[in-house]
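Alright, structures below, take your time with them.
Okay, so chain A shows up in both of these, paired with chain B first and chain C after.
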Partner chain A sequence: MKKKNDAFSRLLDWLENGDQALDTEMEESLSDAFPAEQKSKRKKKAEKRKTVPKNASAPRRAYADTWWYRACAVLICLSLIGLLLFTALRLPEFGTADTLIDSELTEFYVKNTLEETGAVNIVTGIILDYRGFDTLGESHVLFIAVCTVLLMLSVRGEKNEALRLKASEYERHFEPGDDLILRSAARILTPLTLVFGLYIIFNGHLSPGGGFSGGAILGAGLILYQNAFGYEKTERFFTYKTFRWVSVCALLFYSAAKGYHFFTGANHMENGISAGAAGNILSAGLLLPLNFAVGCVVACTMYALYTMFRKGEF
Partner chain B sequence: MTMTWWQNLPLFLILCPLMCAAICSALKGKAARIVIAALSALECAGMGVLLYYTAKGNESFVYAMGEIGAPFGNELRIGPLEALTGLGFSLVLFTAILGGWHRLTKDVAPNRMNLYGSVTCLLTSAMAAMVFTNDLFTAYVFIEISTIASCALIGASNKGKTLFSAARYMIMNLMGSGLFLLGLSMLYCLTGHLLFPQLGAAVRDLLEGERYSIPLYMSFLLMTLGVAIKSALYPFHTWLPDAYGNATATSSAVLSSMVSKLYIFLLIKIFLRAAGWEVFARRIEDVLLLYAAAGMVMGSVHAIRQKHLTRMVAYSSVAQIGYIFLGISLGTEAGMAAAVYHILAHSAAKAMLFLSANRLREASGDEDTFAALRGSALRAPLAGLAFTVGACSLVGIPGLGGFTSKLYLASAGVEAGGLRMAIVLAALAVSTLLNVAYMLRSVLTIYRKKEETDQSILCKDRLFAVA
Partner chain C sequence: MLEYLRLGLFALLLLSGLIIQLTAIFGVNRFRFAVNRMHPAGMADTLGLLLMALAAVVYSGFDWITLKILLVVALFWITSPVCSHLIGRLVRETDEEHFEAEAKEWKP
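After this line comes the complex of A and B, so read on.
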């Protein structure tokens, strides 16, 4: 193909091929992010420092490497910080009449929560009853976080043999040795942690705590146990299957229960759930089972995130 | 008063996808895909019924989530506007899932398909909840869900590039969510309310008393900024081309036509139902107008420079987001109507473009450089036709959606008068010209025969240039 150099054919060429410089720039930044061979970060940085000043006449570097880009980034961050501080100083002063303390919402919640929901701990009453819709969304945020991590990191059923091998290699690498101190500590701490977590979940409507905090403690207990005794022991009672069934059942129960509650509430029907005697463990209607469901989801999520980042599968 | 049967629909439109998401994660890949297709069809039907009844009575109703209604509990508010937008979004979702079906099986590994399904279900639920909600914090919770879900949609096809762009998307969008949350908490601190009507009343009180005006403006500014970042208004668009260009076709169609518009619709709702125009009219809109105008021009300029078809379509999204913000920033009813209309028109056109671009790419051996795409419309005539129609709509050929929204925008701009009118009209004119340039180029490329010699192409181009 003979190339003519008049303006029109140059225009045609440009139309056909687009802007080359921009694409090469993107490819460069991509190859930066995924180096072909494994190099340690520091090494790479040192190399960069060496090579960059030498060939100053090299083709356009990525924006992120230029000094003015960094200067701008720092400037923007500083100005945002300044702006936010400036605004924060002009918010209502804490403890004055303008703050939320005497808003009508606060008054209503303090006066009515115990009577209407049967929850002694009115925070639980608010998040699971009055604002139950938000909390429903919030527990699905945890679920979707796990789904996303599984979607991106999971090597379960991976056809690529090399990837699987690598994952199992990592697993052996991180499997703890016979750490006496950790094991003896875990032997005492794990049951205590698990029982404490359950206590916080089941007492969520009576004392500070609830599904989210109790579930986090349960998850921490599981992670501790796994660290001390390895996957062999944990997999006797907690596998991918357990995780899936527990979280699916908990979420389904949560959605169904809240759905029933919303439906009867909006249509002003009797929902047949009594608040019970305030202060008893079996009281406050739906709050106890809801707390338990949230606790299950949170504990499963914590453990799943941990093990996904550690070895890529259950 | 009990609700009539159709007034209960919004609850189920939100709850069903949530439950389907949990179920999907336990299913096999193939079944999960069928579930999401059926679910989106159901969603369309439900929204359609809602639209029919709300438009018939031309009134909106409030649905309390729980026996205690406003201002102490959560509630939903559904009117014709919400039902129409919801219907538009769920139609886009449905077509995206069906249109990208084949590609989906190729890009997403079968062992991950069930997770892809549950993520899509959650996104559907978040869409319904954000469209219906009458409460600022509920909106934030579902913003979180849709942010994580879209990140998963981008990263699902699991090539190096998509993971890279998913990470980039995550960082930028979390920044946006963070700013939105900051603004929201400041506003709650000032007013003590989260429900739109009560919030609006409290804001009006504060404005009349001229108290705390700086934090008040700041909180709305932060929320607007957060939404602008999340929907890729011009200077914050850097995450967009990679994310849309590299993801699988269904994901890019859903993300560009539903998710980013969802945030903008939420912003419109906040200003319409809660803040009122007084807050907005003083400071924020002028800045927004300039950004929007810059976006309209620069997005198109970037689009012209692209070598890949999907990246070009992605960049044209930046320009179109500019159009929508332009409508909002006029701060008049006409501008708002134009913005909502453009949201719907552009959703349809963009989904069509992404899906047909995907088909064209498949027809030319999985390459989407313009050189490889030559003549692909002759190999896949239907996709070529769809692409042409979508392109014409974006350019604004009369009779298609894009023309009407541009007309509305222009007339809203004229109504605003003064310097604003000049900016709006100039940006519209320049952007439309640039649109024509890159869309004409791509349509010509896909209809051009491969074997043609250089000379005849030159002739043809001259002919077109003359024409």
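After this line comes the complex of A and C, so read on.
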């Protein structure tokens, strides 16, 4: 195809091939840094590399025939941005009385959640009380997902000796290991992250947050600690056994508590769990322990998925 | 008068932040080599974010939310350079074309 010279194709060209001059320049400065006997080898490599862009640019030019792909992508992105901005500007302001106008269900939740569940944060009241069964299913979905990953990726056992060796070899070369900068940052950030995650979990019925978001933050803190200080340090408090016990106990507790709640509620019995004064940290009946259980499951799942995909074992 | 001044400051900060973010987007798309691309990407996380956060502070006035916004900036200023450092390290260890001496010892 003949190269067009309009503004659009020039922009595409600039975007695609902009730094070739920079590449050659950098290569020259790099090859100066190497001693003379390596230079010939590097030059051969450089020549090989110079032929590669020519071959690689052929499909790229062919791709330029379908410039309308990119135009469509830009159009779709712009319309999505417009849609999101339009919706965001139409949202009612935080804390106004006009929020009730949308539907009957919204009105019911806004009027009754505080009284019936004791949760100041209506969202937590909805997902752990009105729709507690749904959240139970979600926690089990996470657990089943991590079980599947364990089945597929685990390299435990004697059969997988070679796989394990390969994984540790890979690990030694690509993972940060003993990185001083990462360690210094992690020493500051890990405690803050863990405390912040616990705050989000335990304050879930009072302020925005809850088990899922707090658990994700806890898991991120664990992953950061593991990355900076390695498996030996992490295994002092978090092993495969810890993972099994914590997630299974949290799920069992959730199921038992929610089952008791459903049973008593459906039979119009007193469940004996006092709601407490709304706004206190120890209030809202079951919501606080349920949030903690969900947070444990999510944190364990995040860490387990990470470590399974990285190494294949804990 | 003071209101207009504040609005002008807000617009200036927001626009400069947006320009820096746009520069970062173009830079990331234009460069081909990972270490080159890291440079504009790191700029967006530090200077661009600082300017936009300052714009938010000016717009909403000084109260408790200011502290939270500045906390976000502090968090990014700690984490983003560390991320750049780790990416650079990984590039040096895996890019056999440009960093032959370091990558030589590893054979997959």
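Details
In this section, the second predicted complex is superposed on the first by the 206 of 314 C-alpha atoms of A that agree within 3 Å, B and C clash if a C-alpha of one lies under 4 Å from a C-alpha of the other, contacts with A are read in each partner's own complex, and residues count from 1 in each chain.
The definition used in the following text is that contacts are C-beta pairs under 8 Å (C-beta built on N, C-alpha and C of every residue); 3 or more make two chains touch, one makes a residue touch a chain.
Computed from a predicted structure; not experimentally measured.
Once the two complexes are laid over each other on the shared chain, residue contacts for A:Met152 go to chain B alone; chain C is not touched.
Judged by the touch definition given at the top, the superposed model places A:Trp245 against chain B, while chain C stays out of reach.
After overlaying the two complexes on the shared chain, residue contacts for A:Leu83 are found with chain B alone; chain C is out of touch.
Looking at the shared chain after the overlay, A:His140 reaches chain B, while chain C stays out of its contact range. Judged by the touch definition given at the top, the superposed model places A:Leu189 against chain C, while chain B stays out of reach. In the overlay built on the shared chain, the residue A:Met269 is in contact with chain B alone; chain C does not reach it. Using the contact criterion defined above for the overlaid structures, shared-chain residue A:His261 touches chain B, although it does not reach chain C. Of the two partners chain B and chain C, more residues of chain A are touched by B. In the superposed pair of complexes, A:Gly132 makes contact with chain B only, with no contact to chain C. Looking at chain A, you'll find residues 15, 18-20, 22-23, 26, 30, 34 touch chain B in one structure and chain C in the other. For chain C in complex with chain A, the residues that touch the partner chain are 26, 29-33, 36, 75, 78-79, 82, 85-86, 89-90, 93-94, 97-98, 100-101, 106. The part of chain A that touches chain C in the complex is made up of residues 14-15, 18-20, 22-23, 26-27, 30, 34, 38, 42, 45, 49, 173-174, 176, 179, 181-182, 185, 188-189.
Those residues of chain A lying in contact with chain B across their complex are 1, 8-9, 12, 15-20, 22-23, 26, 30, 33-34, 83-84, 86-87, 90-92, 98-100, 103-106, 108-109, 116, 129-134, 136-138, 140-141, 143-145, 147-148, 150-152, 154, 156-159, 244-245, 247-248, 251-252, 255-256, 258-259, 261-269, 271. The part of chain B that touches chain A in the complex is made up of residues 1-3, 8, 11, 15, 18-19, 21-23, 25-26, 63-68, 71-74, 109, 111-112, 115-116, 118-119, 122, 125-126, 129, 135, 137-138, 141-142, 144-145, 148-149, 151-152, 155-156, 158, 160-161, 163-164, 166, 182, 186, 188-190, 192-193, 211-212, 214-215, 218, 242, 305-308, 370-371, 441, 454, 457-458, 461.
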